[in-house]
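Each of the next two complexes has subunit A plus one more chain, namely subunit B in the first and subunit C in the second.
On to the complex of A and B.
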């Protein structure tokens, strides 16, 4: 069967919306995208959705949030709330993987490689801040399908 | 200096209906106003951010011995909290919660509801409990307990019409809350029964 994970998207989106302008203002490179270039999250097969979601949550937990600490206490608190929510959801996705309900196909592997390449093309702080600023792209994609 | 001031004691989290408060015992220094500062640490900070702590600005240098941590405890993971006393430049050691706090352990109370018979209409009004809450309302005609009907409700800003009652019949209602974020429900509220308006007999 499919992997079904209950997550409080509303809370994550509320946390992100509260800091989105602040985070995006720290991203000077407007011509590049981590998640959307060239078309990474578009046209993902439904069979690959779970795997890409798990890979992206792991990407944010392992690589992004830790490089987004700011001088603003409010922003740091919201980043913590998002990071801990991502950690909670990733744990549920991992349970799906352990039951072989979150299989990675070739397409999702290729798409995730592209995202990592986009990320590693920038210096780590810029890449992390840009990735965090694009969180609504991920949330929209997750809610759309 | 950080030595002479004792650390706050009896630090604990009180959590009801997804509202979480950190409380501690006051540090008493004769003739002085002691202030406190609170920080939190989620599982993410422990495992991925070198065990860092994050200050809660609303509870920095506060004289209160309670801090509303609801906004920061916004994921279903294990959190730790700590508080220290401050008097001028002197700071105590941190006092830290024993063990962890996960919001999944919040205590859930039954919803407050008001059942109204408006003529033949069975209406219910529920007290709003915040965005995390849904309500499961059960209602039935008295004597027909096997034919219970259910309504799930999210927005409870106004009175809700449940059913049109048969003349003079008695209907009963009870409700419980459900919090999707932690996948738990409260116990049911006490049952409330009302009688619909009887038929007005026409004298011809």
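On to the complex of A and C.
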């Protein structure tokens, strides 16, 4: 059967909205995106959605949040709250994978490779801050259907 | 690119104002400049490597520019930028923050139609349409853009001054067991949970329940 994971998108969305302007203003690079170019999340087949979601939550937990400390304690608190939400969702997605309900097809593997290549094309701090600033791209895609 | 030395003060408060995804770039004139300032505008799709000039907003003296067409794909995000010119000198390019049409637009209230039968009121709600380039273009309801869109409906009894509120996902509501000879006023608001977007309330539509014969 399908993998179904409950998560509070509203809470994550509210946390991100509160720091969006601050985080995005730290990313001066307009011409590069981690998640949306050259290929867009919106083109992912529905059969690959679960795998891409799991890969992206793992990406954010392992490679993004830990490199996003700022001098602003309010922003840091919001980041850690979002990170905790991601951790709990990632755990649930992991359980789906263990039950073979979150299978990775070739397309999702290729797409995630592109995302990692975009990330590794920048220095760690810039790449992490840019990825965090693109959280709404991930949330928009997840909420679409 | 052969640009002049730019000593003119910069345009201020460059930002998008968006309603139902009709996306207009606005700005304020540079400080201390009177009439005669001209502007040009460019925009960029976030993550794509080039700025694109907007010909219809080149050498304009107004302080807005309609970029709805250029920013109509709400799966993308955008930047826009404005430069001012006066008496042979110019300002720097001044940019917006990153614009996400999906989360940064405002939504108009729904259309409300009210009818009454026996002792009940029937309410039909219609979500606004997304901006479109021309009347011939196929319409797209904001309901298609925001699958989680809901309606908050308020029904007000003008005699008792009592108000009921309902939150519904589909677009029709019947309110039964009402008092004959009493006027009821209905207004409604659109509520999207995530991303969090609320329209204002529509203006009130009042209707009186007929007295029993």
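Basically, the second predicted complex is superposed on the first by the 144 of 145 C-alpha atoms of A that agree within 3 Å, B and C clash if a C-alpha of one lies under 4 Å from a C-alpha of the other, contacts with A are read in each partner's own complex, and residues count from 1 in each chain.
Just so it is clear, a residue touches a chain if its C-beta (ideal position, glycine included) is under 8 Å from a C-beta of that chain, and two chains touch if they have at least 3 such contacts.
The model shown is predicted, which means the values in this text are computed figures rather than measured ones.
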| item | value |
| --- | --- |
| Which of subunit B and subunit C A:101 touches, first, second, both or neither | neither |
| Partner chain in contact with A:26 - subunit B first, subunit C second, else both or neither | neither |
| Touched partner set for A:140, first subunit B, second subunit C, both or neither | second |
| Touched partner set for A:66, first subunit B, second subunit C, both or neither | first |
| Partner chain in contact with A:37 - subunit B first, subunit C second, else both or neither | second |
| Partner chain in contact with A:10 - subunit B first, subunit C second, else both or neither | both |
| First, second, both or neither for A:74, with subunit B first and subunit C second | first |
| Which of subunit B and subunit C A:49 touches, first, second, both or neither | neither |
| Doubly contacted residues of subunit A, that is, touched by subunit B and again by subunit C | 10 |
| Subunit C residues within the subunit A interface of the complex | 44, 46-50, 75-77, 79, 97-98, 100, 102-103, 147-148, 193-196 |
| Contact set on subunit A toward subunit B in their complex | 6, 8, 10-11, 15, 61-62, 65-66, 69, 73-74, 76-77, 80-81, 83-88 |
| Footprint of subunit A on subunit B - complex, ascending | 40, 42-45, 47-49, 54-57, 71-72, 74-77, 79, 131-132, 180-181, 183 |
| Touch list for subunit A against partner subunit C, complex | 9-10, 13-14, 17, 21, 24-25, 30-33, 36-37, 40, 42, 133, 136-137, 139-140, 143-145 |
